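Next come two complexes, and both contain chain A; in the first it sits with chain B, in the second with chain C.
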Partner chain A sequence: MLGKRYVIYLFYLNLVLCITVFVPQILYKNSLNGSISSICLAIIVGGCFIYVLQKVFAQFPEQNINQILIHKVPNWLRKLYIIYSLIFWYLTGALFIVALTQVVKLFINPETPLMLTYFIFLALIIFAIVLKTKSLLYVTELVVISHIPIVLFVNIRFFSDPYVFKDSIYQSLTYFKHFPKINSFTAAIFVFTGFSNLIVFNEKINMKLIKKRDIIGIFLFGIFVLLTLYFIPIGYLGLKGVPKAVFVWLSTVDSMHFDYLFVERIIYIILFVQIFSSLVYIILCWHTSVELFKTLNLNYGGMYKWILISFFICVTTIIQILIRELDILKYFIMFFNYCAFSNLLLVILLLYVSIKKRHAS
Partner chain B sequence: MRFRSIQNNYDFQKKSLKKYDRNITFYFLDSVCDEKKITQLLITPFYEYESFSLYKNYLESLPGWEIISEEAIMVEKMLNGNVILNLDNINYSITLSNYSSSAVSESTEENVLQGPKDGLNGNISISLNMIRNRYKKNTLQVEKYIVGSQSKTNVVVLYDTNLIEINVYRNLVEKIKGLNVEVLQSCGQLQKLLINKKWMLFPLFLTTERPDRVVNNLSSGKIIVLVEGTPWALIGPATFFDFFKSMDDVVQLSIVSKFLTSIRIVALLITVLLPAIYVAVISYSPEVLQVQFALLIAGSRISVPFPSYIEILFLMLMAEFLIEASLRLPKTISSSATTVGGLILGQTASQAGLVGDIMIIVVSIVAISLFSIPINAMHQAIRVIRYPIIIFASLFGMLGVIVSTLGILCYLCNLRSLGKPYFTLFNNS
Partner chain C sequence: MGTTFLLSGCTFKDIDKRAFVTSIGIDQSETSDKKYKVMIKVAIPKGDPKQPESDFVILTSNTDSITEGLSLMKSQIDKELVFGHNNSLLIGEQLAKSNIQPILEFFVRRPDIQMTSYLSVARPNAFEVLNFKPAAEQVSGNFLKSFFDFSKTESPYIDSLFLYDAFRRETEDGITIAMPIVEKKKTQLEVDQIALFNKYKMLMELSSNESETFRLLTTGIYNGNLNVRNKNGMYIINMEKGKSKYKLKGQNRSIKANYTIKIKAIIEEKIDGLAIISKSEIAELRKQVEDKIDAEATDLLTKIKKQNLDPIGFGLRYMSRDSENRKMDLWDKNYPKLSFNIKTKVEIKGTGLIQ
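The block that comes next holds the complex of A and B.
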């Protein structure tokens, strides 16, 4: 059993990933009519989500979702849910690879063909998803620890930068008297869904060690990141400027100026650690998917896993070929809605199971 | 008397002598006692004296004798190199300790500034003597196995029964018992057999020649394996970061030792990543650097006719040749080899315009930082691991560096040493 800090790493990874996967852009679509209220609503719902998930998973130590559901819900429902979440986690990973290859093409290697980048990523990911679950958690730890100083650095730079338009930030706050919009809300709630990988990782992480103050700390940190995610780009690009950028956060970091480093543009350092953490997140997603597949007990003999993985490769390649750069944002809006729905489903199922367990005992 | 706590050790000896239907019994640990002295001072007189009372008087004339009744104290005395002699239900303890110092040589591979200087010995009993004399606890267990169908090499396993995890112990002992090999001659060979994989780069066991490192690891619950004939000990389960600790860190004050450890980690990062990042930045994304710096590098490369990866591979291979040459040559010639190789070749290569000046600086930094890794086995592994990253960097630029580094990290994190994780930042207990 691993300690509680690994849960925090999972949560953190989810937080920082939002930069690459268009969460700020989707929020800025409604920046004049409802984003602020959506963020407030997302903070409330996200807090409840974290609390419920921690409570329920702590009741089922060392169990994955299959062991939690077995004998408590009908067999067909359990299998259906596992297949559903398997597909969900697979799609998450697939969509994130597509976004990541776009980032690489735009910012790092414009000359390298898109498909070449994609296949390098795929090779690494396939190599990594078949490793042991604990090993992947150790990798997560390494990546998160190396990511934290850079996030701090950017934040300190923001708070000490004299060129930030503070007025734009105040101006954006004035648009709070609007009803929350569903797309903005689902994008903002994604920040808080870092716990949902636990359907597999609960087997290895001891959730009981997580105290109330840890939950509050995680929650406050989530709020902080969500707010910085939304307000820092406005401070640099202006309220009217933010919706125009494609990768708004990367453009924002590029407009920060550093005189005293080897590297003039800090964007590269951010990009490198961002690619690191995104790759680890994708690996975790697909690993979750493969592990869920193992719980289905299809006479599991190693062969089936490779069939599933080759299926992953084929479908992702098709998605990668067919998807148009302009449509990615649209797919991400759809994905966040779908993601919010799946997490709602997870919470309902877990609450049902825990109530049933309480009645049985 | 049973001496239950130490009787299973293979160096524990019990000898009974008989004269006129009366018994005397000796108990001692032969690794810390001088057996010659025992024969000379205790056994021969026993047969020479006519009566037991005379022998008793003789015993009481020996230096360092004592009468002891408690078993715990006796065990402690034995660990200190005393012989316990049971005569008419009276227990004498007599100091006949043997602290090998004449046969002990200084450790040559792992140098320290201020720590103890001794190195282990190829003779197991001398090594055991050194370890026992540094770790006087009755929980230290010594077990002997014989490995090799033809060489019949003695392999000794040491551990502290209170601190060891039973799974780790079982894992190792089963592996040693299951070894199928004709000739076993060294620790490195044993490590290879224990890992038992075809492709292996990183050492999963710590190899050391220092008894103080052995004792340090014993006290933190590790298992030590000694092999007859080599002055090295295998320590397992090891973690990646154990290879970056020098025994000087124990001697130095805490902040200094933390500083030294972190310097070694920085050196590791530099030696692994700097050549690859250089290639990636020069060939793919020079816009990363400050303008003046980028121009400086471009200026130094103005006469170089090759792409940067050929330049760096050429120079890094030269550095490897230099290391190999100075390693195998006799000491008197090796200094001239380094002069020719390092000074003359480096200087003229840059004057002839074959490599940029900055490239020579980069390769030298990489070589120097490689040398700061304290343990040789890890040093060699790091030497090898740089090349795949350089190749990836020259194929895909920064992306290649990221992907290959992450791949190596995943591989490292997936390794297990005796069932324990090999590469974790913090302790997981």
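The block that comes next holds the complex of A and C.
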């Protein structure tokens, strides 16, 4: 049994990952017609989401989704749901690895072939996903702790920088009188979905230990990150400039000027930790997928797991080859809509199960 | 973890096979059928850091696009060019007076060029400025950077402009670009003037005195100076620290910019006579300095306004505060009517070591 801080790490990883997976860009698509209201709506819905998930998972300590659902919903529904979320978590990881290789290709080594980068990452990920859940959570802790100073650093720089255009930020706030847009909303809600991994990790972490004040702390931190995610680039690149940038956050970090630091471009430090946390996130996603597969109880030894993994490799490689750099944003918009839908499904299912449990006892 | 280390760093090409570009300059082409004359300054690294020597090569090519120029240069040198350490971008005066938009866009688009590179207008042209060889510098090309780095120089005349700053001033409504001018004199470089642009070309330049006032009105200054004359002679006031902020008041017809300028100063030099500076005289001087700064600032602001430029960003401020003011044409109508109300508070802290 692991301590409650691991839940916070899972949530944190999800938050900081939004930078590399185009959440800000999708929000800026509607920056003049409804992003602000989408963010507000996402904060409210996200708060409810965190609250409900914590309540429900606390009722089923040390159980994964299979153990929660068993005997409470029909067998076919349980299997269907597990297969569905298996595919969902697999696709999450696959899409993220494609985005990650793009970033590495563009910023770190433009001369290395894309596929080489991709295969090196893939080898690392495949090696890691078959490890024990506990050891993966330990790795997560390491990565998150090394990431925190960077986030603080960027924020302190933003608040102390005289070159920030405060007027642009104020101007972006004046565009609040619009209806929320679905794409912006689903992208913003992704910030708060760090708990949905718990369908597997609940087995190792006891949610009962999480108090109300922890939940409120996590929620406030989520709001803070979502707002900085949206407003810091506007301060550096201007309200009309942000929709033009492809990797908004990397341009923003590159724009921060550090006079007295030992490195001139902090972008490389950020990229480094960002790549690490993205890799860990992908590993966690696919690990979730493999663990879900195990719960299906196919009694054929370890063979089937490897069949699934080789299937992963093939499909991801095909996706990697097919997706073009220009279209990647479009796929992410689709993914966020899909993600919001899956999380809605999860909440409905869990609420149903918890009500059923209360009636039974 | 090991794999990521493997990936980072200079892939497949060793550092001794790379040449580091420290500045890029762009001029209008001398040949009539081409558009640009692209120049890069490549530093020649020295093994011994104890003997600072500035050795560099300048590569040039006349082309229609910057990309083409840069790729042509690859064939002029035996090494792979690295742009990641480039920190100053020079635009020739001639070119600045025609159109800088495509140049800005190119530099922002390239991922390996730092967004914190310093932009400046080069006079008489970029080649002359690039070709300037200072007596000693650690890395060639660093000289230009030191001008603009706040941690290195604190001249009140230099208003440095980052690449990202230029980009957002270009795209954002209600604000325009102000860029420092680097001038090649006979034996040295001089940066004490500011060029003001509209959205794409250079329209006016400020004298060094006006540049100081401009800095006072925007980023604030350290160690600026000012001459005041009264009946006892001439005094030089050193403005140790000057800051300013403004608010826009009123709607449509009677729109007003209320500036508050705060200055901490000391009396540094007294030209005529050796008489002791009395308390009452200091108060008098203070009043005089305040009036002088008021007048200079109002003059400068009206001068800029007449050209219909807005490097301070009044338009952006106006449009950011109310959702009904967000239209650019509304501001275009209102800007000529804008009046300035400047309040200066000078605090004379002392007279140095003697009274």
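Everything that follows uses one rule, which is that the second predicted complex is superposed on the first by the 360 of 361 C-alpha atoms of A that agree within 3 Å, B and C clash if a C-alpha of one lies under 4 Å from a C-alpha of the other, contacts with A are read in each partner's own complex, and residues count from 1 in each chain.
What we mean here is this: a residue touches a chain if its C-beta (ideal position, glycine included) is under 8 Å from a C-beta of that chain, and two chains touch if they have at least 3 such contacts.
Treat the numbers as computed from the prediction; the structure is a model and nothing was measured.
S.K.: Considering only the touch criterion stated at the top, classify A:Y138 as touching first (chain B), second (chain C), both, or neither.
M.R.: first
S.K.: Should A:L124 be classified as contacting the first partner (chain B), the second (chain C), both, or neither?
M.R.: both
S.K.: Between chain B (first) and chain C (second), which does A:Y175 come into contact with in this model arrangement: first, second, both, or neither?
M.R.: After superposition on chain A, A:Y175 lies in contact with chain C alone.
S.K.: Identify the partner contact of A:E264: answer first if only chain B is touched, second if only chain C is, both if each is, neither if none is.
M.R.: Both chain B and chain C are touched by A:E264.
S.K.: Applying the document's definition of touch, where does A:G241 land relative to chain B and chain C: first, second, both, or neither?
M.R.: second
S.K.: Regarding the shared-chain residue A:D167, is it in contact with chain B (first), chain C (second), both, or neither?
M.R.: second
S.K.: In the overlay, answer first, second, both or neither for which of chain B and chain C A:G3 touches.
M.R.: First partner only.
S.K.: First (chain B), second (chain C), both or neither: which does A:F276 touch?
M.R.: A:F276 contacts both chain B and chain C.
S.K.: For A:V104, decide between first (touching chain B), second (touching chain C), both and neither.
M.R.: Both partners, chain B and chain C.
S.K.: Do chain B and chain C land on any of the same chain A residues, and which?
M.R.: In chain A, positions 104, 108-109, 112, 117, 120-121, 123-124, 264-265, 272, 275-276, 279 sit in both the chain B and chain C interfaces.
S.K.: Would you mind writing out the residues of chain C in touch with chain A in their complex?
M.R.: Of all residues in chain C, those touching chain A are 1, 3-4, 6-8, 11-13, 84, 87, 111-112, 114-116, 149-151, 162, 164-165, 167-169, 171-173, 219, 313, 316-317, 319-323, 326.
S.K.: In the complex, go through chain B and note every residue touching chain A.
M.R.: Chain B reaches chain A through residues 284-285, 287-291, 293, 396-400, 402-403, 406-407, 409-410, 413-414, 421, 423-426, 428.
S.K.: Can you tell me which positions in chain A touch chain C when the two form their complex?
M.R.: Those in contact with chain C are residues 104, 106-112, 117, 120-121, 123-124, 162-163, 165, 167-168, 170-171, 174-175, 177, 236-241, 244, 250-251, 254-257, 259-260, 264-265, 272, 275-276, 279.
S.K.: Using the touch rule from the top, collect the residues of chain A that touch chain B in their complex.
M.R.: Contact set of chain A toward chain B: 2-3, 5, 104, 108-109, 112, 116-117, 120-121, 123-124, 127-128, 131-132, 134-136, 138-139, 141-143, 145, 261-265, 268, 272, 275-276, 279-280, 283.
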